[in-house]
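Both complexes below contain chain A, partnered by chain B and then by chain C.
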Partner chain A sequence: MNGFILKKDNLVPLLRKLRKGGRLVAPVQNRHGDTMFTAIEDFDRQHIDLKNQAQASLKPFFFPQEEPLYTYQNKKGYDFKPVNSSEPTIFFGLRSCDLTAILYMDVIFSQKSPDPFYFERRREAVLISLGCSRPFANCFCNNSRSGPFLEYGFDLQFTDLGHCFFVEADRARGEELLERWSCYFTPATEEDCRNKYQVVLEARSSFKQTVHVDQAIKKLTADIDLESIWKELSSRCQDCGGCAYICPTCTCFTIVDQPVDDTHGTRLRQWDSCTFAGFTRMAGGHNPVDYADHAIRRRFLHKLKTDVEKHGRPSCVGCGRCVGICFGGVDMIRFIKMVNELPAEEGK
Partner chain B sequence: MSRDIYLPQMARIEKIIPENPQIKTFVLCFVDEDFNSSFSYEPGQFMMVSVPHCGEAPISFSSTPTRPGNIELSVRLAGKLTGAMHELRLGDLVGLRGPFGTPFTMDKLSDRNLLFVAGGIGLAPLRGVINYCLDKGGYGKITLLYGSRAPDDIAFSADIKLWQKKGIDCQLSVDTAAEGWNGHVGVVTTLLAGLEIENPKSSLLCGPPIMIKFCLPELSKMGFTDKEIITTMERHMKCGIGVCGHCYLDNKLVCVDGPVFDLAQLKAH
Partner chain C sequence: MAGLATTFGSGAMTNSIAEIGRAEVILVIGSNTTEAHPQVARRIFDALDRGSKLIVIDPRRTALARQAHIHLQHRPGTDIPLLNCLMRLILDDNLHDDVFIEMRTENFNQLRDMLFRLDPREKAAVANVPLSRIKQAAELYGRASKAVICYCLGITQHICGTDNVQSIANLAMLTGNVEKADTGVDPLRGQNNVQGACDMGALPGVFPGYQAVGDIIIREKFARAWQTELPARPGLTLLEMTHSQGKTIKGMFIMGENPLLSDPTLARVRDTLEKLEFLAVSDIFLTETAELAHVVFPAASFAEKTGTFTNSERRVQMVRQAIKPPGQCRTDSDIISALSRRLGYEMNYESTAEIMEEIALLTPVYGGMYHDRLESSWGLQWPCFDRRHPGTEFLHKYNFARGRGCFVPAAHQLPGEQPDREYPFLLMTGRVYHHYHTAAMTRACARLNRESPEALLEINPVDAGSLSLVAGEMVKLATRRGSIKLKILISEQVAEGMLYTSFHFTEAPVNLLTNASSDPKSKCPEYKICAAQVEKII
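After this line comes the complex of A and B, so read on.
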């Protein structure tokens, strides 16, 4: 591994330089104490927070909650014009779970043919991640194999060694950054590499949650009867969509037309959630899904069964955000525990 | 497919055929002549249709690709978009994206006796298949069972007359009779009783979920294997390309894995 060392004093000077190449987005603690990924306008007034988990993932930067796809008119004929809204962006301080989620979205948004709106933003993004030396309260990325440190997928990965950062590149764009700004970096010594390894080992052993993701996947694959779980959790679901909105890998959307006047309008793409009763309801009112008992069935089966079959890994990245957001307690950790508590012999 | 997968192509309404009080068939032609002449599709596929200010909805082809030049979409008045579409007039434009979805495997059906069972608007996608079989030839005996709510609701009457002339055994049924109706009364599944279809055979179904539900055990009793029972499904859809998630059916997405499924595929999940 070719590692480099960045002194902590050099972090902001480096980020100032990087910002000249595009928008810089980093976790910033606002005056309410919330840490959110935010575009840095002023290094002196915005506090980059590398201690707390960002409340939301980077999902909205690539797949916004609402985005205009086209403007249309039907005054003279009827036609659509694409809306382009993308700029080169350097993302700094994203965590391994959020990066894994972006790699998952890359797969989802290239199903039949690449999604032009998503990939326009993705192509212009530099991803500089920070491995998690101290996992947060609800995290279980070690169990979902999406952290706390990654082997690939980042342009640069930072590891906090206390007095400095250990920096490694995976992609060509990361190598270029190291070369271009070599004045800030020194090659890592063998001792630095050992220290980095030590940090990774300690991080792996300091998770507060133990969530047996693989065991649950195995049970789901065996088609055990889950009706009691669906009923209980669906009755606790308040239909708010918070879990899907906060989830870094929930990518379901709806497309609607928003009229501006009689002959002009905007075609919008908006986040949607399979937990909403209207998600599957057809024109005329027929709904093939029974939401009273199955409101949350799709959400968990998609992440832990369908995506394992289709893409070889679950699409839960263990960030734990759904645990914090749901006031009904319908979260991934609860679901996995309930599945694992079911006796195995109930399998067909 | 255009580079931008969400960008609709404009199409002009060349003809509107009222099929019954709720169903109209729109004969459409792409405005871009090159696009129109190179456009192709297969029976069972669908298009995403845009109507101004109404977004998009999936509509199956009711025409057959053996008759190129224009396409036909038969639309039942069901919600906001279909309501607005029913207000459109000759020469008006709609947006179209597609074709999408896994079609009927017409090659595998050749030389087989085909039983079509349709309810209401469910005849629309099967109409394309029936005309495809007639145009191409090489298929066995064709039988159509078609159920409607009432005699006034019988759609595609002109097609049915033509099919009867061409030797297709068309049996119609209505749920509720009206004056002057001498035909069969009862749900369409009742027509299955006593019907015999010789091997090799396949059945193609499209209709409301309740019709499908009651047909399946009857067809199995008649000796159709799971692979010989083929249906095309209707779902709420937004993208048509397997991303938006709305049309999920267990581990499948109807827009890409379907809308055409055989019963063996539906049972495997």
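After this line comes the complex of A and C, so read on.
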């Protein structure tokens, strides 16, 4: 593997150069102390924060909470015009879980026919990730096999070696950047490579959460009886939808038409969530899902069972954001622990 | 409010919300906390995760009741016999706190005599709860070293609301569960600022900070500051106004309220509003009430103004303008000032910070609250007497606001209306998670409206069976005052003979049906109980 070294002093100068090629998005701490992925307008006034986890993932940049898909006009029959709001963007400082989530969304949005709106943005994105040498409080990506460092999928991956960054490329776009801005990089020595592996090893052993995802998946695949868990968690679920909105891999949406007047309007795509009763309620009022007891059943089974069967891996990336956001304590860590505490039984 | 003020000397929540998460036992009575106060419910969940015990007293088997270690599903309106029975069992087991009662309270003998005279079995029968379950609850609450009681409108919206509250206060004092951290009595206030509105004197008998209108010294203080004469007579209570039907009131200015959906016996409210010579309404949407107004002021929403909100735990927090008010909308304070100027009284404030300075000057419990202090923090909890005061996490430390806590024994009172042959069901009203009060805002939000699009009448499967009703059927719900049509939800959440629905929906305005009888002290209407009948629509 060809690694390179970037001095920390050169980070901002490099990003300044990269920004000339498109919008630059990085985790920025705002004046209220919250770290969010933000477009950088001014390096002197916006503080790039590589110490804290960004509160939201990059999902909204590829799949916005609400996006206009088409404008329509009704003269003699409807005439739809697609809306294009994509622009070339360099994403810097995303974490391994965020990147894994994007790779998962690539799969979801390419089923049957690729989603043009998603892939327009995806094609114009350069992804520069930063491996996590110090995992955050609720992270368990080592257990969900989506971090703390990745082997593939990134354009460039940065590793913090203390005094400098170790930089490696996986995809052609990353290689191009290294070549174009080679003046900022020096080839990594063998010692640098050893240091990098040391950081990776130490990171793996410094997680604060131990969540046995694979064990839970095994139990779920064996179809054990989970009724008590659904009941307990559903009665604690407050139906706010926060878990689905914050989750980097929840991609359910609904489409609504917003009329401007009698003949014009906009067709919008908005996030939706399977935890909402209105998600499955039928026109006559019947709901095939009993939300009193099963409000969160589909969410957890989709992540840990359906996706394992369909795509060979769970769609929980272990970012821990649902743990922080849920005020009923109905989060992935609790669910997995509850499943693992159930006595093992024979498959039905 | 009136109940706790008499007993403790202050009507507000004694705890901070975070303390609930640290209590050993939590008793929730008359509160559907997960739906109405989810941010308080989260603290209850935190406590449960930490191993605390939860007792829920509620006529409905709510989501929180299903989480409880003990759920006492009593008959609506029997809170006093149930609580008295509970206290008697605590006394019998010697679980009361002698030292606390001796040092910090008064009038205990009267309560004790009353408790010793009553027959627990009889009271349990009135409440329709097995005595053994009440005994378990008494032991759990009585033995806890740190216990908190949360209550809400299920307690206050009764003809005996004040007595209900005092019984709760009696229980807390009997066991010494006040005046210390992580113990207390917590009325959960609705809305983001209902506590603030009360604090600012939006009550008939008090100036800001609960300073009595009848007190000449107080009145003179305010008269000097405002350079105007002030009436000594307290104002009217809600129903004295909205049920006056042309007798006393000729004109009204209603701000951010929608009585034409929220007040009981709507026919009388409509009659009152229609008889007014002049009605002005200020709101962010054209509500049912605003539609009747001669003048409507479009008001700014929370995101369009700068000022403070005071939440249930007495915490005063800053809200900063994020967007400009659209069109001709103006903030409430702007509307009031402009009106006042035209009426000949000059109100001239350069900013809301200046208004806050006036509040601090005239309101002792807000004495140290200034915008610059609130700006950089999560707010301050009153009482906060001066700039150096750090605010108050829980009330009544060392002694009650009134000196000694006063036991006020209460006896069972029948609700204003009881089920009978003609109206055999007992109808309770409340709220649902997705909607806020008269839903002027939440029904304008597509997602919330999709989640909860219509009023549902909860009915027990047995009752639905005997009326041959099927799930989702439209029925006619009637009381002596009127009838509405709505869909049924067959559910074991309600016991046999009970019905439950919410008042958010203008298509099925349940307050056409509710009873106007109210508590004689607090004047709070009895929304929680009226006699009703359900009819199949053929």
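In this section, the second predicted complex is superposed on the first by the 344 of 348 C-alpha atoms of A that agree within 3 Å, B and C clash if a C-alpha of one lies under 4 Å from a C-alpha of the other, contacts with A are read in each partner's own complex, and residues count from 1 in each chain.
The definition used in the following text is that a residue touches a chain if its C-beta (ideal position, glycine included) is under 8 Å from a C-beta of that chain, and two chains touch if they have at least 3 such contacts.
These numbers come from a predicted model, not from an experiment.
In the superposition on chain A, contact is made by A:R236 with chain C only, not with chain B. In the superposed model, A:P259 makes contact with chain B only, not with chain C. With both structures placed on the common chain, the touch criterion links A:K305 to chain B but leaves chain C unconnected. Once the two complexes are overlaid on the shared chain, A:E176 sits clear of chain B and of chain C alike.
When the shared chain is aligned, chain B comes close enough to touch A:P288, but chain C does not.
When the two complexes are overlaid on their common chain A, residue A:F327 makes contact with chain C while staying clear of chain B. Of the two partner chains placed around the shared chain by superposition, chain B is the only one that A:C274 touches, whereas chain C remains out of contact.
Shared-chain residue A:G77: touches chain B; no touch with chain C. A simple residue count on chain A separates chain B from chain C, and the partner touching more is B.
Put simply, chain A uses residues 256, 284, 286 to touch chain B in one complex and chain C in the other.
The touching residues of chain A, when paired with chain B in their complex, are 69-70, 72, 74, 77-80, 82, 108-109, 111-113, 115-117, 251-257, 259, 263, 265, 267, 272, 274, 279-284, 286, 288, 298, 301-302, 305-306, 309-310. Here chain C touches chain A in the complex through residues 34, 38-39, 41-42, 45-46, 49, 63, 66-67, 433-434, 446-447, 450-451, 453, 472, 487, going by the rule given at the top.
Contact residues of chain A toward chain C in the complex are 235-236, 238-240, 256, 270, 276-278, 284-286, 292, 327-329. Chain B makes touch with chain A in their complex at residues 1, 3-8, 10, 31, 50, 52-57, 78-82, 93-95, 208-209, 234-236, 238-239, 241-251, 256.
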